[in-house]
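Structure provided below as structure tokens; questions to follow.
Just so it is clear, A, B, C, D and E label the chains in written order, and each chain counts residues from 1 on its own.
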Amino acid sequence: MEIFVYRNGAEKIDESFSRENLPELLADKENLVWVDLEQPTAADNKILSDIFHFHPLTIEDAIETRNHPKVESFNDYLFFIVHGVTMETNSTNFVTRELNVYLGENFIVTYHYEFFRSINAVKSQIRANTFVCRRGADYLLHQILDRLVDLYLPVVDDFDTAITNLEDRIFQMKKGSNKILLEIMALKRSVARLIRISSKQLDVLSRLAGGEFPLIGENILPFYRDIYDHLHRVSLLAENYRDLVGGLLNIHFNVVANRTNDVVKILTIFSAIVLPLSLIAGIYGMNFENMPELKTRYGYFLTLGFMVLLAIALLFYFWRKGWIFQSEDDEVE
Amino acid sequence: MEIFVYRNGAEKIDESFSRENLPELLADKENLVWVDLEQPTAADNKILSDIFHFHPLTIEDAIETRNHPKVESFNDYLFFIVHGVTMETNSTNFVTRELNVYLGENFIVTYHYEFFRSINAVKSQIRANTFVCRRGADYLLHQILDRLVDLYLPVVDDFDTAITNLEDRIFQMKKGSNKILLEIMALKRSVARLIRISSKQLDVLSRLAGGEFPLIGENILPFYRDIYDHLHRVSLLAENYRDLVGGLLNIHFNVVANRTNDVVKILTIFSAIVLPLSLIAGIYGMNFENMPELKTRYGYFLTLGFMVLLAIALLFYFWRKGWIFQSEDDEVE
Amino acid sequence: MEIFVYRNGAEKIDESFSRENLPELLADKENLVWVDLEQPTAADNKILSDIFHFHPLTIEDAIETRNHPKVESFNDYLFFIVHGVTMETNSTNFVTRELNVYLGENFIVTYHYEFFRSINAVKSQIRANTFVCRRGADYLLHQILDRLVDLYLPVVDDFDTAITNLEDRIFQMKKGSNKILLEIMALKRSVARLIRISSKQLDVLSRLAGGEFPLIGENILPFYRDIYDHLHRVSLLAENYRDLVGGLLNIHFNVVANRTNDVVKILTIFSAIVLPLSLIAGIYGMNFENMPELKTRYGYFLTLGFMVLLAIALLFYFWRKGWIFQSEDDEVE
Amino acid sequence: MEIFVYRNGAEKIDESFSRENLPELLADKENLVWVDLEQPTAADNKILSDIFHFHPLTIEDAIETRNHPKVESFNDYLFFIVHGVTMETNSTNFVTRELNVYLGENFIVTYHYEFFRSINAVKSQIRANTFVCRRGADYLLHQILDRLVDLYLPVVDDFDTAITNLEDRIFQMKKGSNKILLEIMALKRSVARLIRISSKQLDVLSRLAGGEFPLIGENILPFYRDIYDHLHRVSLLAENYRDLVGGLLNIHFNVVANRTNDVVKILTIFSAIVLPLSLIAGIYGMNFENMPELKTRYGYFLTLGFMVLLAIALLFYFWRKGWIFQSEDDEVE
Amino acid sequence: MEIFVYRNGAEKIDESFSRENLPELLADKENLVWVDLEQPTAADNKILSDIFHFHPLTIEDAIETRNHPKVESFNDYLFFIVHGVTMETNSTNFVTRELNVYLGENFIVTYHYEFFRSINAVKSQIRANTFVCRRGADYLLHQILDRLVDLYLPVVDDFDTAITNLEDRIFQMKKGSNKILLEIMALKRSVARLIRISSKQLDVLSRLAGGEFPLIGENILPFYRDIYDHLHRVSLLAENYRDLVGGLLNIHFNVVANRTNDVVKILTIFSAIVLPLSLIAGIYGMNFENMPELKTRYGYFLTLGFMVLLAIALLFYFWRKGWIFQSEDDEVE
């Protein structure tokens, strides 16, 4: 548990307070108090109920970790859950974790089990400069959310790269590949998860930015709208990716069909040329006593010649059908 | 039929009453009466009409078992139908049963043909401790609904496992499998049923939690919103699963196409290598009298040598095409 | 044309009146008049305009038979069109016919070209007992609509059976079947028609049940909501069936692909085993003079032995690939 | 340019006026003036601006021909664009042309580049009988729109025929047909165009029929609702056709897959029967000196007999697999 | 940076002012000032904050280049972002760039990194004639937006051509082509991008044209509605193209399947005819001592004759199946 206190006009953040001081600090509306509960203990949970008197259901929600983003309004505080992307997240394994936030008139409580890059960055920022604290709890919170949402963008770029990369590999693959299919499925899942999370999160941000809650000052609203816009961009791109990922399966299938077609063509050409020649050879391999050709002087050579001509004729036929010796202009491989 | 009566402030639930006492018990607004009709008899049905005077259409709905979740408001009571999952339900056979509920100012009537784990749990709870009864009929009902909805979650996890399991089996199958297709279809049906039920049930819960009905007190509403949130999570996951199950058929198809492609390649390689060699053998098996090669000393061995060279050349050609002897990096099998 | 008159409090329906009595009967608001026009004649059409003075456009709509369900409100009557299922309807040929209804304060006019089971049932009912007439024209009409909608349910069950049946046949079919495809298409069409009709009809019933029209009394509205609920169930199921029917084409395709894969495997196994053996036989069938093996004592038998070994090796190879001699656990056939 | 003037109560339409009379005619509110501008000239365009003083943007829209249906309301006139089907339109080439209409209190201006059957029909009608003019400009306009919309219905019937016809041909085709695919694509395009046009046109008609514009009298509104209903029917059918056309591609694909499956089966049966027999023949064609069977008296005949038995065994095997000699019950061809 | 000043009633645009004059110019509400910032420098950015005092978030948005179209309203100015198509844009690479616009009572600020054809055209126009300046900043802005949106139309036509062209090539391709697949994917992406951009841009224009902002005068609104209409047409066509492009993959697949079917047929015909003949040849190539046929005088010729008859019979069989010698009526190739 870390407690950051900004006393109006102070140049430095005061980090020296402990749990016992909280009631007093909160009572003075001139203070801005930020309580960050990372990897909270049972004792930390008690702060929520005993000092802040938050609604027990919100405390349950905070402790639990299977919630989707949502916002709930109470008399003198807001409770909401947003999701941030983890550092390990990538296109085939999109993972988010919950950040539970309580916003009061002069306090913020952040409750989370894992390390958040966005929260850490804001801590460093306010240690260096109390500027962002001067505008109140709502603006300080905006700083956290802004960074949290900005960290979605590299993930989205990752999706873009992953899709292009998969597409390239599909076109270059020499045979239908289950590995690529597995990756498409993983990507599909990640994108679905991103869409699910970001659509719920958009709801939350749209309400925060909509002027519905008096705890977020009117002059601060444009900053929340800005966060909303950024997340909206993420969300639009994600829906686009869903379509494109869906298309990849089709493309994979078309490419495999193209290749099967090519393979069958090669089989057909070989069979269609060799089998008739073999038949001729077979005929002259028969043991009939009366087969006049066998006794002619050049029968063998004429037969060989005829075989060559037949092979050429068949090759010409397949060339006319466009199966062989075509310029590969129309082929990427 | 079981009757539970909680007299204001009592430490114990009174289960000693029978049908005859009901009018008197209900008249005293200090009492909280819960009538649970499990496997109701015709006599039980008469209670609904003769003692509670419920609207005949709601009684018909209660008796019938083909209703979807819905809520109807009357002067002094609410009637609604929710669905709970059965104990036997699983990912390939999602089954729900109806729970018909009447909620009045100081009574709850639950009407159902089958055993409900949630109802049983609440019975045990109130026998042990009357705490939940103190907050009134609406809160008692919340206990039942909360448990009923919580029992959806393991089913949803089941779906998750089933999808991952099917996906693994698709990639590992050695041949296209109708059994897997059958399971995909069963899963598809189950998910469709879950979506249908939970979307209707969400409507019901959203109205219960929305403050529309005065019978559900304002201080109790957050608890209903909590149930709504849980079911919403189920519903979001279910829609996600629908997409993923839909994808499974495509994946199955792609995997089968990959395999057919592999099979045709093997056929082609065998044919393309063996057939030309057979042709050569066939040619020297012809019975022409004048075939000079046949009489040379090393003709046979040269021919065999040429056959080997031709085979190697063809193998090289297919290796270049990437059909054989490739590292299996790109293959999962 | 049949005219049913219920005089307030009467025990029997009076069917003795003819067209001439209508103006007088209608003028007495104590009477309830039901005019059923089945297979209406031009003379019947004149009643609509000359006696009831209905809007000419509604009369046109009634005479025409290509209308979808709709409702229109006029000063002192409602005009609406609903569709009932024909007796001959089934899953592959879903057919409905129009029922045109005028509802006034003390009259109902039903106009239809074909026999309606629901109308006939209500006629029998009121001949036996005037109970349903006592509650007014709106309640009498409810009786007709209720039965009409209830007749949709067996059709929906039919769809369920047809889908399961087709699915079974797809998995059991020994070859890709155009007949099954034709049936899927017919089913697809029927379901689309059912969805189109029921969605329009739901609009009509939702308006009738919504309290919008004073001609339908407030105490009668729950009965209309009940009809709405029943049709809604039909509609939800129908949308479900659309998805499942759409899935059938995919399943058919997957099953055919599985089978083609199996067929190609058999071809490959035969070819891959027999062709190399034939090559060996071909080689020793060559007529070179100097082929030392031919002169050895056991050359023939060694060759045969080698052929057997090669065949076994290839069979082992294909067994390892899982193409042959596998337990059929994973196969339904 | 044609000018039709109906003077209140007149028995005949007066067509004798020219452009110069227009201001005077329009000033007299008792007159009903219809100006039809077919293949309008620059001079005609000037009438719109100089005499009627229409908004320049609407005049631009009228002159241009790439607009979709829309309606715009001005102080004393309405401007709207609707689309009519051309006479040459058919299921594979759905073409519409624009009709620009200005409706004022006592005038209609129709502006179009091509011949409209609906406009021509109304001209004939009012020349024969001024009845429709008596009810005012809004009713006269209704006549034109009614006929224009009615001409959509045969096109929709055309789609129905085309889809059924294509479906039949798909099932009867002896090989996968690119010609059918081309027709499906053309149909798909036509249906998409119909949906696009009719959905925009429905918006226009819904506003015209909704009572939003005082220029369309309340007693005339039911007639516009009637047109709306007709177009709505067209629109519903069109969306249905979109689904069915989409299904045709799938069906085509399934049918081709069925056929490929059949073809591969024939190949497999031929190969699997002939190749082993050829191997046997090949073995006894080897030239080993010590092949005892060759010298037996009935070796040849026993071998032939064995070949026949093997062929029968293989045929039996394929018959058991259901590949051959099956009743064709399950096949349509 | 270019500054255009129109002094009320002036015949010429004054381009002689520089940054220092701006505060004074803007203070005089009779002036219309257009500041065009192309490839803006840091100094230009300072103008936005120091002279115009725009909200810092809008300035950030202007400087950044990853924004989607949006509009934001402030006390005395509007800020919005629209996208214009680049000159290099084409159907397989749809590229747009941002145009940031500030609209005040008597000023426009346009901020963009790249050359805009629309802006350039308006510059030329106002240099030639100050007419469009007389109607105020809102009308001048309309000129820019109108041209910007009009430049979308050729792109849309490009899509149309590209789709038709691809369709033709798919039907004419002699083998499944990955190059065509790549182009379909590129087209799919472009169309998705166009839909995304134009749908957001429609939102912006719908709000500009909706009368929501007093800065856009009521008499100017129809002109903005006109732009909205044009973009709406683009958007409708784009959605249409999405369907058609999606269909192309299916068509490609069907065409490849048709071809594979053809190829397999050729293979089957060759194999089915040649293999049995080879078997016959093989039989008479056996070396049994007792093969009476071999010694008959015409055995060889009878055998050849039988082979020919068998070949003819098989050809007849395949002709009956419709595989060969069919008129190509049903084939496009």
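Rule of thumb we're sticking to: a contact is a pair of C-beta atoms (placed from the backbone, for glycine too) under 8 Å apart; a residue touches a chain by one contact, two chains touch by 3 or more.
Owing to the predicted nature of the structure, the values given are computational and were not obtained by experimental measurement.
Here the chain-to-chain distance from chain C to chain E, counted in touching steps, is 2. Superposition angle, chain A onto chain D, using Cα atoms only: 145 degrees, a multiple of 5 between 0 and 180. Centres computed as Cα averages put chain A at a distance of 25 Å from chain B. Separating the CA-averaged centres of chain B and chain E is a span of 40 Å. In chain B, 253, 257, 259-260, 264, 267, 271, 275, 278, 282, 285-287, 291 are the positions where the chain touches two or more neighbouring chains simultaneously. Traced around the ring of touching chains, beginning at chain D and stepping first to chain E, the chains run D, E, A, B, C.
Contact residues of chain A toward chain B in the complex are 55, 57, 66-68, 70, 72, 173-182, 185, 188-189, 192-193, 196, 200, 249, 252-253, 256-257, 259-260, 263-264, 266-267, 270-271, 274-275, 277-278, 281-282, 284-287, 291, 293-300, 303-304, 307.
Those residues of chain B lying in contact with chain A across their complex are 167, 171, 222-223, 225-226, 229, 232-233, 236, 240, 243-244, 247, 250-251, 253-255, 257-262, 264-265, 267-268, 271-272, 275-276, 278-279, 282-283, 285-291, 321-323, 326, 329-333.
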